[in-house]
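Next come two complexes built around chain A: one with chain B, the other with chain C.
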Partner chain A sequence: MQEVIVAPAPPAATPQQPRKRRSFRRSAEPFGFLAPTLALMFVLMIIPVVLVVGYSFMDNVILNKNPQLVGIDNFVTVLTDSVFLTATGNTLFFTIVSVVAHLVIGLGFAMLLNSPLIGNVARAIFRALYILPWLFTAAVIAVLWRMLLAPNGVVNFLLNTDVEWLASPALALGTVTFINIWAGYPFFMVSLLAGLQGVPAQLHEAATVDGANGWQRFWNVTIPQLRPIIISLTLLDLIWTSQQFALIWMTTGGGPVNVTEMLSTYTYKLAFSRYEFALASTSAVLVLVMSMVLAFFYVRHQRARD
Partner chain B sequence: MSDTRTITTTVHTASRPRSEIERRRSRLRVGVVIGLVLGAVFAAAPVLWMLASSFKSNTEIFEFPPRLITDSFSFDAYIAIFSDPEKVRFFINSYVVSFSVTVLTLLVAIHAAYAFSRFDFPGKRPINMVIVSVQAVPPITLLIPYFGLMVALGLYNTYPGLILTYMVFTLPYAIIMMTGYLNTIPKELDEAVRMDGAGSLTALWRVLVPVSVPGIVSVGVYTFMIAWNEYLFALTLTRTQDMRTVPIGIQLLMGQHSYEWNEIMAMSILGSIPVLVLFLFFQRYFISGLTSGSVKS
Partner chain C sequence: MSNEAQVRRRIAQLAGATAATFGLLVIAGCGAGGGDGGDSGGDVTIEFAQWWEPELPDGEFRALMDEFEAQNPGIKVELISGPYAATKEQLFAGAASGTMPDVVGLDGAWVSDFASQGVIADLTTLMGEVGYDDSELASQVQVEGSTYMIPVVNFVYPMFTNDTLLADAGVDAPPTNRTEFADAAAAVTALGDNTTGWTLPLSLETPNGIQNDVMSWVWASGGTMLTDGQPDVTNDDVTSAVEYVQGLWDDGVIASGSFTMKEQDKVEEFTNGRVGMMIDSLAHINLIREANPDLEFSISAVPAEDGYEGERGIPYASWGIGVAESSEHPEEAFKLVEFLMSQETNSELSSIANAFPGNKNSTPDFVADDELYAKAFEIYQAGYPANEFTGLPVAEQLMRLFGEQLQVTLDGGQTVEEMLDKTQAAWEAEF
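Showing the complex of A and B:
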């Protein structure tokens, strides 16, 4: 195709016109295919992001007919709000504990499933069972655990306790984190299992010949081989978990007394319970910046792998 | 005599490490099996309890001591849901929205992926960068401007409002995955058709789409699941009971004065069936869709 356009046509003059139009059509064509995507992304992604950034520098938007620019006042208000700081701390705890546990449990289950000591049928059955939590939406997971963890529920019966898991200020954050761990490890498991199956058997054999035991093979063969996958999964999960809303909203709603307040629930409440749309936008912009930093590292890591 | 003894001792010493290895192997196997079973209890017991609870009467949900299967085992909770048009409506809404999102996402993504995979054009890299990075934009960030935007566009509390919103979240992933899939198909295949004078659209739909079915299924399954499970925007961009989707419907059941736990569990099971069925039938595509972002073969 390229050659046809470049090759000079000796008699020139007349054929030049259609050829030019053709090459224009050729270069315009991909934009035709991209048009719906670009239109949708412009109206529902670029414009909203510009709007929310704009809102964060104004006094109360949406409710106020003529909002005024207030500079960085909103940022000062939000960043010095003790609830915002609590929510940041909770989000950090929730996210880091969840991601580490997802990795540990996901890798553990993946290695059990990858063990040569079990048959293929058993492997398939256990894999299906282990994926189960991932097949339920956050709303279902929330109501299920609210039933299991109720004061007279089955968990308290089995542990022989009488605890308000989701309503006790001391336990609520740990409890929602546990629920999120249960709901999220299969993503790691499935990805790491695919990764484990890609580790060449010769590497393990060579390590065994060199006298490495199982533990040494795990740290010196398995982990280095899985490293790129582990980094990708961890960054993705950090982005997703730090944005978790539905699970928190439907189990504790951020309570009791803010102990499970996350940046997402804090932002949501500012907007739709307190109607502080400018402050909510400010908080939303801070969450956006945090996610973009994580995304930057993710994209850079993916680039390096290609 | 001395000869045979030497032989027996040799055999003996040689067989000892082997039985040692076998014993360690069987001990390891016991460990693996115990680990597998404990893991299965952790993963599946809550789900089993949910299923069992949906067949109980509401008074038996918190009976003491708890039993998996109770005396009044019945489908009453399911019947109650199916005979309430308000609750059936949640399911209709979810199916309409999720199917529309899936079909539209696939249509738009296939064309965009075709442009990325087969054409060079100015701005290709920056556009691609935008599509990759918007995946990380937090839903909560978009929520506030969306509220005003949807009202302004007249899309608040409508199907198109939800469908377009979900496409913003499904499209980037779908385009990236479809582009990856099309890149694995030799260019000569569609170039040949284009050389014969057929248009690019013909080459796409007659040649590329038919051989891309596995990729399309992966993207479709994943897209459907995202749309089916979405909660935050369904909560905020709809107002009336007749526009609510299943995840919001489940929450609404929780909000009512007395908790009908058996109905809540039955609704949760019914609300999970589409994803479970997709998983059963398309397990391979499902998992390839899930892992494609993180695992490179």
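Showing the complex of A and C:
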């Protein structure tokens, strides 16, 4: 006798379709919300980045109507340019000194402002005073300090000296670094102050009960509590400071000679002074790669926190 | 699912779809539109990008455009105005993307680059096509025999002298040759009280001090920094000028802060009475008068080499004009150029800009009204406008390269001879 296998009846088509539609709709819906952001990111970030990376492998783009691929020639040219190497060294000095100083000064002022020894009014006044540099744009900061540090400026008048703070090859890099430190510490101060206010008082009390002195409490309670904020701020500041352009450009223009030449000013000059857009793209790609290393650590740190 | 939940869901979907559509429309909007001048109601609109309007008294430049529109029914002018640096970047971006405005304000330093890219029109051809008579034009900037820019107005750079400081230093008249200048600078510096004889801006951000304050010594004595259009900075003319500047530096008669000093700092030093002499744009006369009405100063020609009797070159900068190669309305665009270069308009524009006209037959009003301008006009007419950077490729970069080497030299890092050899090599690499 022949065995009859009765296949299960296929599910009715009519009720299945709405379910599929519903599930498609459900999975597509988040993309609908994300679409504007994704489209903007694609147009404003992905396309320009891809174009710049592409330019870095071509001969002089923009000025040359039919640019040709030249492989890594541009990278060899830029990496063997002594000015690029000087700019890299200057950028490293400027960035590391600035970030360390931002951290130390920002933490110092934040702890002063967080101290129970000062009253609320004094705290508010000092908070407003300390945060002032952060309210100025780079252009204002540059003009202000150019005037203060001019040979006939206020600083020389007060010190009774005739020092060329920005024009002397021996002093210029230190001077622009100082200006950048002055302009940037409030960011650290405000963020660390918020962090300090979140440190539970019980931890300090417990440490005091255990016999810890002020330094030990700072080192073993305050710093570990602030560590996540400090790491985030440091990485962000490293990225921002290494890309500082406006302040350098408007105070020294990369001079005297090239003692304050940074990667940003070097790239700008390639593009808008020499019109070597391919080489400028190459320099920009190198800066991007360096920034991405820092960004990688930043993202990894953020993930670890989450 | 409850009715309420369904409604909420529907609203969320609608919001999502609206946001997505809006985003796409914004992006589509970014990509579309723009274009160079459209026709509205039969009128042709031409765009004119320049940095002149913000530098002129409010509304004056627009008034000139209104006059043009009245004389040329059917043509509208849309002014795209911004500061010099922003205009420059905008034009370079426009050149790259093929969206240059129809008429463009040009600096002589950009002409070679734009011409080699083929983004500005050959005006020699255009003038031929419309039958324009160029005999009234004071000068034209050419690349390989074709005109690409017409200087509309010129700002000359004579020597300014602080009469009071010079008199206090026992100098009766502005110096006319290098020896007299060096002596006067030393005498003013010897007055003490923070005064110096001369000011030399060598900022690398805006390196035009090389053109205006260093090369002016070469041109004032009829010298040149080029041979057959190619760099020749090791010649006797340039060597002698740089050695002279080095001498002034070594004598300590130049104001401090040169290496980061910009043109505006130079003017400030002079205006505040701390510097005896400077080479500067005539355009700053009013600024100096407004900032320090008590300052007594004179204008004279830049001193020449001792014994030089020939015609003196006087540095100048121009507001130049050109037409975009991509313009859909080149004839209308050239009508605007013609209008600005006409005797009457050019007189008017040079009067409001305090500049010298690009039309030979124009005379600005201020020449008759003001003694200083009259003197400057006399110097301008007695000499010849000299600016060898005009029309050179990457002119600003050439100045910067020269400036970098000059800074090393003045700082004692190399001899003048070594400096000029390095500059020559660096310049040759850019040509």
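Criterion: the second predicted complex is superposed on the first by the 279 of 306 C-alpha atoms of A that agree within 3 Å, B and C clash if a C-alpha of one lies under 4 Å from a C-alpha of the other, contacts with A are read in each partner's own complex, and residues count from 1 in each chain.
Just so it is clear, a residue touches a chain if its C-beta (ideal position, glycine included) is under 8 Å from a C-beta of that chain, and two chains touch if they have at least 3 such contacts.
A quick note: this is a predicted structure, and the numbers were derived from the prediction, not measured.
Once chain A of one complex is fitted onto chain A of the other, the partner contacts of A:Gly89 are absent, as it touches neither chain B nor chain C.
By the document's definition of touching, both partners, chain B and chain C, reach A:Met250.
Of the two partner chains placed by superposition, only chain C is touched by A:Pro169; chain B is not. In the superposition on chain A, no contact is made by A:Pro200 with either chain B or chain C. In the superposition on chain A, contact of A:Pro224 is made with neither chain B nor chain C.
Within the superposed three-chain arrangement, the count of touched residues of chain A is higher for B, of the candidates chain B and chain C.
With both structures placed on the common chain, the touch criterion links A:Phe33 to chain B and to chain C. In the superposition on chain A, contact is made by A:Ile118 with chain B only, not with chain C. Of the two partner chains, both chain B and chain C are touched by A:Ala150. Of the two partner chains, chain B is the only one that A:Leu51 touches; chain C does not reach it. Residue overlap on chain A between the chain B contacts of one complex and the chain C contacts of the other covers 29, 33, 36-37, 40, 62, 146, 150, 152, 249-250, 272, 277. On the chain A side of its complex with chain B, the touching residues are 27, 29-31, 33-34, 36-38, 40-41, 44-45, 47-49, 51-52, 55, 62, 108-109, 112-113, 115, 117-118, 122, 126, 129-133, 135-140, 143-148, 150, 152-154, 157, 182, 186-187, 190-191, 194-195, 198, 228-229, 232-233, 236, 239, 243, 245-246, 249-250, 263-264, 267-268, 271-272, 277, 280-281, 284-285, 287-288, 291-292, 294-295, 298-299, 305. Against chain C, the residues of chain A that register as touching in their complex are 25, 29, 32-33, 35-37, 39-40, 43, 62-63, 65, 146, 150-152, 162, 164, 166-169, 172, 249-258, 269, 272-275, 277. The part of chain B that touches chain A in the complex is made up of residues 25, 28-29, 32-33, 35-36, 39-40, 42-44, 46-47, 49-50, 53, 61-62, 64-66, 108-109, 111-112, 114-115, 119, 121-122, 124, 127, 129-149, 164-165, 167-168, 171, 175, 200, 228-229, 231-232, 236, 246-248, 250-251, 253-254, 261, 264-265, 268, 271-272, 275-276, 279, 287, 290-291, 293-297. On the side of chain C, the complex with chain A involves touching residues 12-13, 15-17, 19-20, 22-24, 26-27, 30, 88-89, 92, 95-96, 113, 116-118, 194, 202-206, 255-261, 265, 269, 274, 394, 396-397, 400, 403-404, 407-408, 411, 413, 430.
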